[in-house]
Amino acid sequence: EAEPEAVPTAPREPLATPSVRKKARELGISLYGIRGSGPHGSITHEDLEGAQPAAAAPHPLAED
Amino acid sequence: MPHLNMVQAINQALAQEMERDDRVVLLGEDIGKDGGVFRVTEGLWERFGAERVIDTPLSESGIVGTAIGMAAYGLRPVPEIQFLGFAYAALDQIFTHAARIRNRSRGRYSCPMVIRTPYGGGIKAPELHEESSEALFCHMPGIKVVVPSGPYHAKGLLLQALRDPDPVLFLEPTRLYRMIREEVPEGEYTIPLGKARVVREGKQVTVVSWGSMLERVLKAVGPEAEVIDLMTLSPFDAETVLASVRKTGRAVVVQEAPKTGGFGAEIVATIAEEAILYLRGPVLRVAAPDVTMPLPKLIDAYLPTMDHISNAVQEVLRY
Amino acid sequence: MPQEILATFNVRRLSILDPDGNVDEALMPELPDAELRRMYEMMVLLRTYDNRALALQREGRLGTYPPSFGQEAAQIGSAFALKPTDWVFPSFREVGIHLTLGYPIAQLYQYWAGDERGQRGPDHLNIFPFCVSVGTHLPHAVGAALAARYRKDPVAVAVFFGDGATSKGDFHEAFNMAGALNAPVVFVCQNNQWAISIPVREQTAAATLAQKAFGYGFEGIQVDGNDVLAVYRGVKEALDRARDGGGPTFVECLTYRMADHTTADDAARYRPPEEVASWRERDPLLRLERFLARRGLWDEAYRNQVQEQVQQTVDAGVRAMEEIPPPERSDLFTYTAAAPTPRQAAQLEES
Amino acid sequence: MPQEILATFNVRRLSILDPDGNVDEALMPELPDAELRRMYEMMVLLRTYDNRALALQREGRLGTYPPSFGQEAAQIGSAFALKPTDWVFPSFREVGIHLTLGYPIAQLYQYWAGDERGQRGPDHLNIFPFCVSVGTHLPHAVGAALAARYRKDPVAVAVFFGDGATSKGDFHEAFNMAGALNAPVVFVCQNNQWAISIPVREQTAAATLAQKAFGYGFEGIQVDGNDVLAVYRGVKEALDRARDGGGPTFVECLTYRMADHTTADDAARYRPPEEVASWRERDPLLRLERFLARRGLWDEAYRNQVQEQVQQTVDAGVRAMEEIPPPERSDLFTYTAAAPTPRQAAQLEES
Amino acid sequence: MPHLNMVQAINQALAQEMERDDRVVLLGEDIGKDGGVFRVTEGLWERFGAERVIDTPLSESGIVGTAIGMAAYGLRPVPEIQFLGFAYAALDQIFTHAARIRNRSRGRYSCPMVIRTPYGGGIKAPELHEESSEALFCHMPGIKVVVPSGPYHAKGLLLQALRDPDPVLFLEPTRLYRMIREEVPEGEYTIPLGKARVVREGKQVTVVSWGSMLERVLKAVGPEAEVIDLMTLSPFDAETVLASVRKTGRAVVVQEAPKTGGFGAEIVATIAEEAILYLRGPVLRVAAPDVTMPLPKLIDAYLPTMDHISNAVQEVLRY
């Protein structure tokens, strides 16, 4: 079945589904630096559990 | 309650509604004396006469066009197209007229009719006898598309379609005609159009399907899956799908048609628009490949299988 | 007999009124003087309506418009043959029918100004909306005719279309269905000899359109389409036969499109001015004037009076049209179906 | 002349060979004895092929099959009229044409067994794939005919279809296009008088199908479709005329479908056994046998020899068919387009 | 380089290919002496004669069906349908035959032809003259669908389509016919089918569109948006779209057609299947509402506007 593309190069941006990104936003967690344990190295909901809120980064996507 | 197959359930719905409402007339190729090539209209010509069960010349566009005029005049015609693959000739009448007459006349005329046609693959029949092109109709405002997945729902949905004030395409999964028997109440009952049903509840993944694929889905998936039977494709019940996806966080859509541009795309797109923040993984489609539908020798290699379905479910469960 | 003749078909042509205004009394239909004059008045109304449509279009107040110039007799004669209970399925170039039946002029202009609401005719008129997709409405007429028969209503159905429409598959399927099921329908072709730039001799190799009926087992007849009396008689006989259970008839009205196809067309690109000129002499209005004059029913004073009257009617129609408030965005959603879907309802709320 | 006759059309019927095997010598086509015998042999081949198809279907080795029983003369007579360079557009019930032209029997069975690869005919045969959607292939024949004329190829095109097909819009659009553009095409209708359960008298109100041609401005003729000589002559004259620039012709072969519509049908539900029986007496094969016998070209020994020979041919075809390995899943992807799309390529890789 | 509008660019492509390849013949209603109702074929009848620029009877199904036979014989016909709304009558020929002849004959016959037709709204024309039903064709394996968004691409794509071995539906956005002038090389050049182009690079959101909507997109969005012109809808260039979305993490698809079941759904579904891990928020569609296309007085209220587009972009940028 349609397999999400293998990541071509090291991603500039952490891989995560929109629901993980949303939870991270809510928890104030930056996805950077979290090791993803999901498919294709993506960050899962479980991966967020141990992570600490990033005090300085109010919005994880602020780099854009 | 008698156990009926889908052919019998549809026949019963037609007979009951013809009894109840003399506006209902049937027309099509071989539906009269022959009783229809699948025997769906068997006995109706004898019972209601040639004025209400009209054997027509071989002309799909003419059949639908004639039905449109009947509907405008105040009847509730039920044109039969012998196989969906021959309805392509009637698309102009359906798109240009059936779907638009209410709007074009600003409500002065309307087009209450039910176009019935066998559809879908797996019956080992000649070319064009196994098409699954429901998506074409779902893009046209003004026409409803209904697909039953078993005898009980076939009867209730058809009775409702026959009472709908607007045109309905009623697609009868040919593979199921005699495959499934169910308890079907003898009396009248209707099932609302535009509503999906949760066939089986589950927590981890939503599997959306309709028609003949539903039977495969139910065999292929385990208790982790919430299985939804759309029943009406146009307008489809986005709320039921979205509510389920918001709960499970994962979705697989199973269609029999070729993948690209199929109705599954609309379901996935709706999820991506309206429930994306709940998604834990990709939304996958299980579908036929984007190739010309083959003849019987390759039909099993073409149609989505239980393996395809369970593989897709497993794949999204990885997330 | 090895080379047998199985059947013979004759293509008949009916004409009653000659270009000089003389009638064949044997064929002259029974029409009181007042009706003859009303025919004339309607033909003048149609022409006046058309002229105003062209003017409105030039001013940007109407959209693309297909005038009926030259076809007045073919339309008005047909319309007079109808009973109020009959059903009518027009194409897009028979407003003469609408006018004769009393369809509000304001709504006709409204439609051609691009406002769908013009299509909602008065409830007492059994006239279907204009059909823009050429020839695709013919099966609807057959269906309505079968429905009327099923209901035992004493109704015939008339459907109007051009020469171009005879090439469409729908023409065939409708004709064949009508023949096979003996539907009470009359097919009236306004053969104006052009379908945009295609002359009828390139549209089909058949010498007449009338003969197309033979392939469906019913009668086809050509009438002089610039002769309002022949048109009336031909269509009336056919409608009567239909109401009497005699089945379908095809009436070809041979006429001529004297103007451009529409305001978006330039016929000078594809047809010789001589041809157009030759038909100007056969103007159906002139012919009827000559006839009425011979009967003592027409003189300059009467003509002026009719023209003034008709002008007022058209003026009033235009004024009424211009007073109609523009449609609202919400009108988009009202009639796609009897009730909106949830998604449509949501879309209505958006922007 | 107010009620003029504009034109008169006669529906002609051609028959040469009577039920007792006598011919009208004046109309007898020039055919060497060997060709007459080959006609017979092909008719026997078709019948034998058909019988075997029914047997194979019963055994589950073929899918739904539409036999030609009763239509052997209408098919073989037509096929003999073709030149090798002519193009043929069959429906789904003219395997007699295929057999006469030398289409491999194994591939015919292969197709009816549900294997698309049976449709790839030999490159030297200009025969189009079977067309299952009734009547929709007629325009293709017109297009090929116009292309041949454009190329100045001395080619005529023959297209075959049933009585039911005459009701389709495509029939009309193809006939009209052919007439209007004077295409070198011959329309051959196998009027076997039934379209599944619909008898031809319910299919159309026209008393003959031949007369449908008049509506398109070209000739239509009915031939006795159980008379192989009349069919041959009628179709050959039409093909010759087409090649000579004389435009299209419609040949109606009046015959009879002696069996069920297909193996999925039960004709006893809708037609009286007497009717079928009455046509059994008019069996085209018997008729040709009688004629050949009168000419001294047929006796029991010859018949037995033909039957044996044909049996072997069919047996060999069946064996060859059964030796063809089943198609592979990858075959699904080969011919949707000249080259696969990226998505198709990916789908091919999947499961 | 001359500045041409799209009518001129298409006319030039047709003329050049007819000059180069005598297999190319045109057929349709009013395309000969009249030069086409939009003048797209102007001068070609005079130049190439009535045998190659064939005025036909009024019969859309017959025109396409005839072209199929011509193509099978070895020509490269270019049937014109006067407006897409009248192509519904030809859908049977397109779906049943044009799209399948190669497969049905296992390569013995093919159907290289280009069906040209004006399409899309905003020209204030009568009913059925402004349809935007491209999605119907994109669900049918075996036929390509190409939509140029300006004169330069119209010429290059049409020349390529005319050389394609299979049937191509070439949809000409009527609203653009005379709206845009561009530099168009006089000589031959082709633009490959099946490839999208990045019209404008951007980092924050991918906006996918085609045909006449592209013009509105380019006016509506700012430098934050990466704008993609699909050019070919079937087969569509998923890779270019996905690569962009993987970069931007956001997407909006803009189509002119009614929302439900439009081709936009396929784009969104593909993104949801294959790029979900990169998505920051919902993928939105900008589309017409799911209603019958109106007459001119309401067409502006129906078609997607620049406001709709920029609102959707702003909305996804919130994530």
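First chain written, first letter: the chains are A, B, C, D and E, and each begins at residue 1.
What we mean here is this: contacts are C-beta pairs under 8 Å (C-beta built on N, C-alpha and C of every residue); 3 or more make two chains touch, one makes a residue touch a chain.
The UniProt protein names, listed by chain, are B, E = Alpha-ketoacid dehydrogenase subunit beta; C, D = Pyruvate dehydrogenase E1 component subunit alpha.
These figures come from a predicted structure and were not determined experimentally.
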{"item": "Distance in touch steps, counted as few as possible, from chain A out to chain C", "value": "2"}
{"item": "Comparison of A-E and B-D (more C-beta pairs in contact)", "value": "B-D"}
{"item": "Intercentroid distance (Cα basis), chain C paired with chain B, Å", "value": "40"}
{"item": "Centre-of-Cα separation between chain E and chain C, whole angstrom", "value": "36"}
{"item": "Gap in Å, rounded to a whole number, between the CA centres of chain D and chain C", "value": "43"}
{"item": "Contacts with 2+ other chains: residues of chain C", "value": "116, 133, 136, 167-170, 173, 176, 180, 202-204, 335-336, 341, 343-344"}
{"item": "Shared-contact residues (touching 2 or more other chains) in chain E", "value": "56-57, 59, 61-62, 85, 89, 92, 96, 103-104, 127-128, 141-142, 235, 260, 273-274, 276-277, 279, 281-282, 290-292"}
{"item": "Numbers and ranges of chain A residues touching at least 2 other chains", "value": "1-2, 4, 17-18, 42"}
{"item": "List of chain C residues in touch with chain D within their complex", "value": "2-16, 24, 26-27, 166-173, 176, 179-180, 182, 202-208, 210-218, 222, 247"}
{"item": "Complex contact set, residues of chain B against chain A", "value": "249, 276-282, 284-286, 308, 311-312, 315, 318-319"}
{"item": "Touching residues on chain C, where the partner in the complex is chain E", "value": "63-64, 92, 111, 113-116, 132-136, 164-165, 167-170, 195-198, 202-204, 264-265, 269-270, 326-327, 329, 331-333, 335-336, 341, 343-344, 347-348, 351"}
{"item": "Footprint of chain B on chain A - complex, ascending", "value": "1-4, 17-20, 22, 38-39, 42, 44-45"}
{"item": "Residue ranges of chain B touching chain C (in the complex, touch as defined)", "value": "25, 51-52, 54, 56-57, 59, 61-75, 77, 92-93, 96-97, 101-110, 141-142, 144, 165-166, 194, 235, 238-239"}
